[in-house]
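In what comes next, chain A is part of two complexes: it sits with chain B in the first one and with chain C in the second one.
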Partner chain A sequence: MSPSMLLQLLVSGLASSFVLLLTSLGLVIILGYMKVVNLAHTEMLMSGAFICYYVYQAAGLPFIVALLVAFAVSFLFGALVERLIICHFYGKMSETLLATYALSILLKQAALLLLGKNYKKVDYPVKTVFQWGPVYLESYKLVVAGLAILSLLLTLLFIYKTKTGRMIRAAMQNRSMTESLGINTKKIDTITFAYGMGLAGLAGAIIAPLSTVTYTLGESWLTNTFMNVVMGGVSSLFGTFASSVLIQESVSVISGLSNSVTAQIIVLLVVIVVVRLKPDGLFTAKERR
Partner chain B sequence: MPLLTKVRQLPVNRWIDLALFLFLLTFPIWQNTYWVYIMSGIMAYMIFALSLDLLWGYTGLMSMGHSVLFGAGGYMIGIASAWANQADWIKFDQLPWFLAILSQPLGAFLAALFLPGLIALFIGLFMFSGKIRGVFFSLITLALAGISELFVINQSRYTHGDSGITVTSRTLFSNSDSQRLTDQQFYFVVLAFLLGSYLLCLWLVNTRTGKVLQGIRENESRLTYLGYKPAAFKLFIFMLSGMMAGLAGMLFVRVQGSINHSAIGINLATLVLVWVAVGGRGNLTGALIGTLLLQFSETKLNSVFSGISADFAQYWKLVLGLLLLLIVFVIPKGLIGVLLEQQQSRQGRDRKAAIMRKEVHSHDANP
Partner chain C sequence: MTKFKQLALTLVALVTALGMGACSAGSSSTTAGVTTTAGGSTAAGSDLAESSAAGEQTTAAGSTTADGDRIKIGLVFSLTGATAISEQCMYNSAILALDEINAAGGIGGRQIDYIVKDYATDADTAVKVVKDLILQDQVSAIVGLYTSASRVAVEPVLEEYKVPLVYPTFYEGETPNPYVIYTGAVPNQQGDYFIPYLMDNVSRNFYLIGTDTTYAATINEQAKVKLAELGGNLVGEELVSSDTTDFSDVIAKIRNQTGDEGCVIYANLNGDSGTAFYTQFHAAGLADNYTIASFIMDESFSTALGDAAVGTYACVNYFNSIDTPANSAYLKSYAAEFGEDQAKAVTAVGESTYDAVNLLAQALEKSGSDLSADTILANFDNLTFDAPQGTIKVDPETHHIYCKARIGLVQSDGSIKVVYETDDVIKPEPTR
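Our next item is the complex of A and B:
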């Protein structure tokens, strides 16, 4: 492999690691703060992408409006789902997995039957392609990286600097104590879940131009996002960031040598080994109970 | 008399099992070849569901990628059969060293049993340390199912990619086209394997090992305090369950006459979870009944509705989703779980009533 090709692979790998970070963020938050594995997460990505298509591509509204609508709709949907379904199954792993899986089937089949099997294409909001020497990069990927970092920072800000965020962390650490301080933990649960789902919808809208928007979009993200969560652990969002970079860079470089499927398999095997050595994820917060 | 009491106290689901096997035994007598063929496939799926029930229902390890082991077994037979009959897509002159065993008829059978066991061994060795939480096992297996599907599509040199492999040999061991059992004959082969697997499971869960497995499900750390090594038991049951899944895959491929990537991917992995969840987990009967009910109704409804809407399969998935949600809400223990619970509470009431009667009598006798 020539150095310039390696450079190109590294750059595109870095670009896709921001995409992976974005698509995993909501999942990590729901798993980390609520101990709920949300199998409907990737179908929420799909819904967000469809919202982006209809608001931005079909209705012709500005891209940013599409992102906001996707976030808002997914947030509300998440709140509804938490109140109706998830809140009955806290602490029951199998039931949660089954319920969220059922939800993901419903979302996917609804998308298929209502919106059809056709592939929909969303145009890039910014179309230029950068070139530095031998390395090419679509400018939209830079935008995605910026949005991913922005989402990460806003999420950190939300969780560590706002009052609601403090309540979310308190509810995670000691639920009954939080309740006895007069905080409505049920409401906190709803907000956390809705926020995670909102992030999923937002991520779906952001990645819509990068992918063909169709009902199977969620499925294609399932493996990567869950692998990322396993590798990065749930106790720190920086762990997610680091594992996104690690996974996508290795996939990108290894696929340069063979092909992307072999790369994914090798990375998954490595993840299985890594999880054995670091069961709580790569970067664990020091003070964990 | 003790025997009679024992029979009366037999859990209700064992009667259902008995009825089910009698039904399956007589099924070919009053049904035509098409339904015998369909039922053979369902019985292979039942073995698959049983293997998941051992793992999920009894040990509490929710594998979300059990189809990987099913498909691994199936693909061994598929590749062996394609090689034996020199299918026209085969471009290689020699089986590669890691598949060389498939050139022998018995080798393919053994490979279909032991490759899933080896895969399970690999995952288990790394996943079953004390520190890894159960949910990570589900997520890793889910990721594995997703990747395996891509893998078999990608390795088209051996797996014929998207189109899958046609397997025309319907025998137990041989992979050559010339030997072929009829649908009826092969039905009884599958039935024999199903009965064997069922009896094996039934025996296993009532041994001490089985009790330890259920102990892992209920309270793993207490079991550790008692001096057991849960990791070893988990590894054992995962490998056994993997081999059963491989057996199911092998039989399914021979019944179906083909295998493609859908037999290894997330779709089947989650479908089997739905069967076991609907039937009820942790009692073997639930896995059998859930599979039978859902697969039978899918086939039946498909033949009814396929004329009306071409999208039947999609609507059926929607129905499955709703059904799953309903089951998780209303009867999380599953259909058979509810029956068992009712019987237990009735037996408890009877026992209480008997004790009360005795007390009243003894009171009357010596005032």
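Our next item is the complex of A and C:
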């Protein structure tokens, strides 16, 4: 493999890792802070992509508006789902799995029946391709990277610098103690879940231009996002970031040496070994015990 | 606690209703061009899917009892599931053909009743619904199926109960099953003409990309043989898993391994994976130097993908743009039934389903009152039909069809223009 190709693969891999980071953020919030296995996560990506199609492509509003609408709608939907369904299942991880799986089927079939059986295309909001010597990168991938970093930073700020964020962390560490301090943990749960779903909807809207929008869009993200979150450590945002980069750079480079199916198999094996040796993931948030 | 119970019940009810919508299908039948709606016990989900897709057409659950002057057939398509987008046009075309046949007086005066089943792109479900059609509904023949996996799965059932299946999808070829009539093209009616055409008109360099499925693997193997035979250059080869939607690594490799001299990107990728590849390939600016050619390109992709599909090549026996009186008539009635937009996205599998139903009607007519499988199957021999794609003929040896090979180029309006077609229909060679 030539050095210029290696460089190109590393740059492409890095760009892909921001896509993976973005699509995993909502999942890690809900899994890490609430111990809820949200199988509806990837269907929220799908819903966000549909919102992007209708707001940006069909209605012709600015792309940023589509992103905000996708976040807002998903946030509200998340709050509703938490109040109606999820709040009955705290502490029962396997039941949350079933409930969110049912929700994912609902979302997918609703999209199939209501939004039609055809391919919907969202145009790239920016179209130029940058070139530095032998390395090429689509400008939209830079936008995605920027939005991913922004989402990560805002989430970190939200969790670590705001009062609500402090309450979320407190509820995660010691629920009864937090309650005895007079904090309404039910409200905190709703906000956390809704925020995670909101991030998923936002991510879906951002990735919409990268392929076509169909009711099956969520499927292809299921393995990757869950694998990423497990490898990174379920309660660590930084871990998710690091494992996104690790996974996508490995896939990219190994794919350069062989093909992408082999690359995915090797990376999956590595993830299995990592999870065996470090069951809490590569980077686990330190908890007070 | 009661609140919780209520909620759990609601959830269970919802999921059950949904599951029914996804897995079963409302049975429907039509009579003499007049279609009416009836409640019955049809699953709500499917009815919604059918009526929303079929526009004004409504489904009916009238009398399906087999008396002497009615013929019952089964339709099996994925109205839900991963390939529902591709199969919607097949389903629509089947209904269209059946309505036309019934309106014209049926088969020797006998009306056709049809029962629709959804196999949701799942081979096990296909086996189950085909068994249901045969044992419960006692159909005389079945039309449908799209994936090769589902066809292979139901073949033992057809053999056991001796019921013919008319399979309308182009596919990779197999030893013909005695109970299957194949109305789609096989590789010797597609790829044999595609590779030489691309070598003469685009480039002698080829980069092969395929999903890790039987179909794509077979197609790409055949392409390699053809390239070696004709002296083309195999620049690179890539295999991706069928849920791949990120092609940045593949695109990096194409850019690096392929020089400035142009190259054919021979990409046979499934559904969402395919559209993602076209989109990202175009966004990466590669479309200026390299040209995508693919078996999967059809009007359902080309009308949706916009710029990303323009200037790419397709190869199949039917394109929407074919100028024959039969095609104009087919598209006109399709548009009248399902809308102008839908008619623009009519694909080769839709057309071959239309042919499948018409050929079956002819075979049933010849069979008269003897509707045993052997009689029906034997009556397919040498049948001809003036199809939208031109006249096709059933080969008595293989029960595949003689058809022309065509190569198409995607135009800026999303239509696919025929740039090459063989002078004559080609004999099918499914077992080559």
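Quick notes
The rule we apply is simple: the second predicted complex is superposed on the first by the 286 of 289 C-alpha atoms of A that agree within 3 Å, B and C clash if a C-alpha of one lies under 4 Å from a C-alpha of the other, contacts with A are read in each partner's own complex, and residues count from 1 in each chain.
Following the convention adopted for this analysis, a contact is a pair of C-beta atoms (placed from the backbone, for glycine too) under 8 Å apart; a residue touches a chain by one contact, two chains touch by 3 or more.
Keep in mind that this is a model prediction, so the values were computed, not measured.
For the composite obtained by superposing both complexes on chain A, the positions of chain B and chain C are in clash. Using the contact criterion defined above for the overlaid structures, shared-chain residue A:161 touches neither chain B nor chain C, since it reaches no partner.
Residue contacts after overlaying the shared chain place A:106 against chain B and chain C alike. In the overlay built on the shared chain, the residue A:272 is in contact with chain B alone; chain C does not reach it. With both structures placed on the common chain, the touch criterion links A:95 to chain B but leaves chain C unconnected.
Residue contacts after overlaying the shared chain place A:121 against chain C, while chain B stays out of touching range.
Shared-chain residue A:230: touches chain B; no touch with chain C. More chain A residues lie in contact with C than with the other chain of the pair chain B and chain C.
On chain A, the surface touched by chain B in one complex and the surface touched by chain C in the other have residues 85, 88, 99, 102, 105-106, 109, 112-113, 219, 223, 259, 261, 264 in common.
Put simply, chain A touches chain C in their complex at residues 2, 4-5, 8-9, 12-13, 15-16, 19, 84-85, 88, 99, 102, 105-106, 109, 112-113, 116-121, 123-124, 127, 129, 134, 136, 138, 140-141, 209-212, 214, 216-217, 219-221, 223, 251-252, 255-256, 259-261, 263-264.
Across the complex, chain A meets chain B through its residues 37, 85, 88-89, 92-95, 97-99, 101-103, 105-106, 108-110, 112-113, 219, 222-223, 226-227, 229-230, 259, 261-262, 264-265, 268, 271-273, 275-276, 279-280. Residues 56, 62, 64, 122-123, 126-127, 129, 131-136, 138-140, 142-144, 146-147, 150-151, 153-154, 266, 270, 273-274, 277, 311, 314-315, 317-318, 320-322, 324-325, 327-329, 332 of chain B touch chain A in their complex.
Residues of chain C that touch chain A in their complex: 4, 7-8, 11, 14-15, 18-19, 21-22, 45, 48-49, 52-53, 80, 82, 84-85, 88, 212, 237-241, 243-246, 248-253, 255-256, 271-273, 275-276, 279-280, 283-285, 300-301, 304-306, 308, 345.
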